[in-house]
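The two complexes that follow have chain A in common; it is paired with chain B in the first and with chain C in the second.
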Partner chain A sequence: MEVKKIFLPESELPRQWYNIAADMPTPLEPPLHPGTGQPVGPDDLAPIFPMPLIEQEVSQQQFIDIPEAVLEKYLIWRPTPMYRAFNLEKHLDTPARIYFKNEGVSPAGSHKPNTALAQAYYNKISGTKRITTETGAGQWGSALSMCCCLFGLECKVYMVKVSYQQKPYRRLMMETWGAKCTPSPSSETNAGRKILEKNPDSPGSLGIAISEAVEAAVMDEETKYSLGSVLNHVLLHQTVVGQEAQKQMAQFGDYPDVVIGCAGGGSNFAGMTFPFIRDKINGKQVEILAVEPASCPTMTRGPFAYDFGDTVQMTPLLPMHTLGHSFVPEPIHAGGLRYHGMAPLVSQLILDNLITPMAIPQLETFEAGITFARTEGFISAPETDHAVAALIREALKAKEEGKEKVLLLNWSGHGLVDMAAYEAYLSGKLKNYELPQEEIDRALSDIEPLPKPKQYRK
Partner chain B sequence: MEVKKIFLPESELPRQWYNIAADMPTPLEPPLHPGTGQPVGPDDLAPIFPMPLIEQEVSQQQFIDIPEAVLEKYLIWRPTPMYRAFNLEKHLDTPARIYFKNEGVSPAGSHKPNTALAQAYYNKISGTKRITTETGAGQWGSALSMCCCLFGLECKVYMVKVSYQQKPYRRLMMETWGAKCTPSPSSETNAGRKILEKNPDSPGSLGIAISEAVEAAVMDEETKYSLGSVLNHVLLHQTVVGQEAQKQMAQFGDYPDVVIGCAGGGSNFAGMTFPFIRDKINGKQVEILAVEPASCPTMTRGPFAYDFGDTVQMTPLLPMHTLGHSFVPEPIHAGGLRYHGMAPLVSQLILDNLITPMAIPQLETFEAGITFARTEGFISAPETDHAVAALIREALKAKEEGKEKVLLLNWSGHGLVDMAAYEAYLSGKLKNYELPQEEIDRALSDIEPLPKPKQYRK
Partner chain C sequence: MKHPVIPPDDRFKIRCRKLGHQVAFSYCRVENQGLPCAKTLDCWHIHFPVASHLKKELTPDQWHRAFVSPGRPKMMTLLDLIEQAKRAKEEGSK
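Moving on to the complex of A and B:
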């Protein structure tokens, strides 16, 4: 029998995170203070994040040691297995060799704990008692809940009210891990109360939930805030994925021609691809595909500009691909891919032609997910299905061209807690949504007056 | 860092199933025909099962080769990892060394595909086009759906109507894997129509669903029926679990003093423990604990007698521990442990003192599950929580006695699709239920006229 999957022994768990900031051909522009327009300094961030994470956010060190206590708890689910997708290859009748890395084996079912664990640890050693965060679909909130509990921290999650009502399983996971989960807008914060005064029936939004979580952190000295994507230190922690993948590909005796990940804020994508982009900077031939929904085409149709991370304009201005902080995407069934912006690191690498962005319509993603489930067994998260769809496009292209291409997918999570999305697809209720240019223009008009980052080009 | 978990390489996947029938000190009594009371022959079963499975059902061969095609697809999730539960040990402050085998890594989230895959394969090579089955909580129905789809078979699942309505995620998993899932009672079968005539609002029961699935199989030549537990061949297929566990324990440099599994029909329990019971028969010191709910105490309070496998008395009579085929357990939140009988193999081994049964009340099982989730990260299925509760009892006993005991748990599945059960617990809605003796007596009065199996005793 041919080898189907490779587990690395625990001794092969990466001991360092890879910091791509040290290797980028174009240095990243700094975040700007929303009031002064000046670069943000560590002191500006200190009320929100513990100092070790702030240091990582601006670090230029190429490799950063993973603390022993984090390594020890990474072992709960890491190293994760890498699979050869023989059944899918056969089904597609493609000459391509398809590999996927299974990040769904973590207790929370996705890649999110890779950074949640590190963030919980650095908060713990910095004296934090409680972490606040927001969650939309619930993948991030549940991952942080689990990791806080592993390090003995309290966790408070502001969950977008409509999700809170529609996705009780995610909330229950958080509560099982001991977290407090509150529907947002809540009456616990000024931001929440202000919204509720105007509209007591507000369904909430990620922007409002961020405001509540940040406010709760700022108001209490022992409380900090945590973010599940977008920022440099978050992407940094995810690079264990790609480093493991490189060792596993080598054990399979292969090297990818194309590496594929879905990108909402950019964290699972970065985690898998940054170590391969390092190879690419050093001269390797490898294509890197970032896949987003056609209905929220941040990378493919949003300009590179300074913009706020949240709708209520509280966060620093980040240099990124953005559809505008007031952009409200269609309610598609991949909650993790509905963010108006994209991680600055990913955005800059797109600009430098090291990453190729691609947008895929919704129906094709679910069709791909069904094909994947019926061949490889695993049911993907709706977010992950975007990457699966791109993978299938590439495999069919290889077939057309008669090329033995090697394709590598980051299978970022399973969909067992998101089956309602499959119900909508299977019952024919879903449709594609191509975003009209007027909507993008309208949202972007808000950021016209904002400064544009310098654009170094290779 | 100490080793937290051991993955076996794929080359270590067991190549044979272990058939404990060959080693039992007391031979198993045969099933009896419900009409004639005579031992059931292969021809009686041929309309329902394909011949290779009937042969396995009565085989006395100690090891049975696993076909290459089954091995190949086992690799989708096997070998499964074994963990040392350092965090739980520390939390309990016990001198015991705790290990658990994670069967939740299969795409369906439980051990069930271990037999579903084998059954789908043998049906495929026997010319079956379609498999029918019943499902209560949905774990078995989803596992069979996935495995039928991997071998290109149609799958039809009769799902107890009340579960169908309350557990849409399980149904959606089945549909994602291409199966047809029908709420039972349905108007598609005589059995279903008969029930609906009397009571159009019938919530259904496992007994009714079995009748429908069997009828649908009998009525069509290309359709066979499949069962997820209880029968000898089902338990046989699960023994890959225990065989892997033995290799992994050896790699950890340990051997268990106590092996623990939950038991509803007996399949995950048998899969883990039978290879260790073989050691025990050969003189090894090892305690084998089978854990059931106090509200459905088949092994601890039910007599060993011939009884029907279903409520409507269509199946052969099986020699087993039983609460009576008319017994209706309380609606507890561990649907997989609400069967009135117990696998004949497990029942006989209890009688021979090779297995120790134990009943645990509901609240303790959820408390144990929460402790496990908050220390080891993983959220268990409510069924699995019964084994976790017994494990914690044993670990605390070891602490009291100051003994360095080695405990091994079969962690049979995750609970991410069963979070409603945790909701009931966390919100204080659950209570314990000790079954009154009158209820047992009433249900058992039905089986008084049935023949008792011969009881050889060692």
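Moving on to the complex of A and C:
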């Protein structure tokens, strides 16, 4: 019987986080303070973050030791198992060897506690009594609640009101771990009160919830704020995932040709891929795929043709499945919004061609999630389904090409608290409206004068 | 099949990539302090002619603020919020 999964012994838990900032081909420029125009310094961030995290945010040290107290608590769920997806391989009839790292085994059900735990620890040793944060559906809020609880810190979560009303189970998880969860906008902060004065029925937003959480931290010296994505120190803490994966792949006797992660704020993606990108910088052949949502069904409705990569027509003509560069309303791509929510480290690595971005439409992600659940058993978080969908595309591509590719997926979390999304899919409520042919024709007329690639097809 | 010219009602929901759960168009329409969420066009354009609909509803200035102004990096947003909160704290202590 072939080995299905590998559990590393606890002694193999990584002792250091990997800091890719030390190896970046194009170093990130320091952010400038919007008020002074000067590079952001520790004092600017000190009202909301403890100093050890600020130091990590700007660190150029390649490896940073993980404190013993964090290692001890990582052992609650780490090292996480890596699986060979035999059933999915068989179902897809692919020659690819598929592996996935299961980050859904943490108590909060995702990779998020990898940084929540570290942040709670550094706050604890810095004298913080209470941590504030914001959350939408509650994946981050629940992770931070659990980790604050493990280090004896109070946790205050401003949960977007529409999410608070729609996601009671995540809220109850937070409260079970002792956090105080408040629907945002609330009457507890100036930011919240201003919104409520204008609109007492405001459903809230992440922007409002962040304002409340930051304000609460600035107002009280014993309170700090915590963020679960985007920032450098958050991505740093996640690199335990990829370092464990490297050891597990070696035990399987394999090395990935393609590493895949979903990239929203970038943290699970970075956690898995940064150690492999280090290998790539040092000469290894490995493709890194960052998968994001797309709503435009270009692959199914558009021809394969040359098109501009953006609506301002600055990028070179690229052969692609397209509905024409003007199909997506101009501001979306012209404003650079596609990546604006992504971590700066990830964005820079895309620009340096070390990461390949990929967009997958919503329906395909749920189809992939169902396939994964019915073959490997695990029900993925909807975000994770994006990566699963990319994995399936790659596996089918390997089949078409007849190549025994090795594919590695970061299975970043389970979807057991997100079943409403699956219900919407299974009941057909997510079915897209059909695009009217006249709208497609109008968009395609824009690319009609452009040159056609050799393999042009309608 | 013809596209509907008005937004789907609140029974029709799509997944919000910011919040991580299903939301109706009525939420996206006001998410940004009464203005549409910056991702509204991207998320909804396959479901109905959202750009035409919002162009009728928004003034050019509102459209610009909602969709054309570039998004700010998270660090900049945090620094702005810290400054705002510090000012509020100082005013509160006077």
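As a working rule, the second predicted complex is superposed on the first by the 384 of 458 C-alpha atoms of A that agree within 3 Å, B and C clash if a C-alpha of one lies under 4 Å from a C-alpha of the other, contacts with A are read in each partner's own complex, and residues count from 1 in each chain.
One rule holds for everything that comes next: a contact is a pair of C-beta atoms (placed from the backbone, for glycine too) under 8 Å apart; a residue touches a chain by one contact, two chains touch by 3 or more.
These numbers come from a predicted model, not from an experiment.
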Requested in this report: Could you tell me if A:351 is touching chain B, chain C, both of them or neither one (first, second, both, neither)?
Outcome: neither
Query raised in the report: Touching A:109 in the superposition: chain B (first), chain C (second), both, neither?
Result: first
Query raised in the report: Is A:218 touching the first partner chain B, the second partner chain C, both, or neither of them?
Result: second
Report task. Figure out whether A:33 sits in contact with chain B (first) or chain C (second), or with both, or with neither. Result -> second
Query - Contacts of A:153 with chain B and chain C, given as first, second, both or neither - result: neither
Report task. Could you look at A:230 and tell me whether it touches chain B, chain C, both or neither (first, second, both, neither)? Result -> second
Query - chain A residues touched by each partner, larger count belonging to chain B or chain C - result: C
Requested in this report: Once the structures are superposed on A, label A:64 by its partner contacts, choosing first (chain B), second (chain C), both or neither.
Outcome: neither
Report task. Give one of first, second, both or neither to describe whether A:249 is in contact with chain B, with chain C, with both, or with none. Result -> neither
Requested in this report: Enumerate the residues of chain A that count as touching chain B in its complex and touching chain C in the other.
Outcome: 420
Query - For the chain B and chain A complex, residues of the former touching the latter - result: 1, 3-5, 7, 9-10, 68, 71-72, 75-77, 81, 87, 105-107, 109, 146, 149-150, 168-169, 172-173, 175-178, 369-370, 373-379, 414, 416-417, 419-420, 422-423, 426
Requested in this report: Name, in rising order, each residue of chain C that touches chain A in their complex.
Outcome: 1-4, 12-23, 27, 30-34, 37-39, 41-49, 51, 67-86, 88-89
Query raised in the report: Which residues of chain A touch chain C in the complex?
Result: 31, 33-35, 40, 44-45, 47-48, 136-139, 160, 162-163, 166-167, 190-191, 195, 198-199, 203, 205-208, 210-211, 214-215, 217-219, 227, 230-231, 264, 293, 295-297, 328-329, 331-332, 334-337, 340-341, 344, 362, 382-383, 418, 420-421, 424, 429-430, 432-436, 439
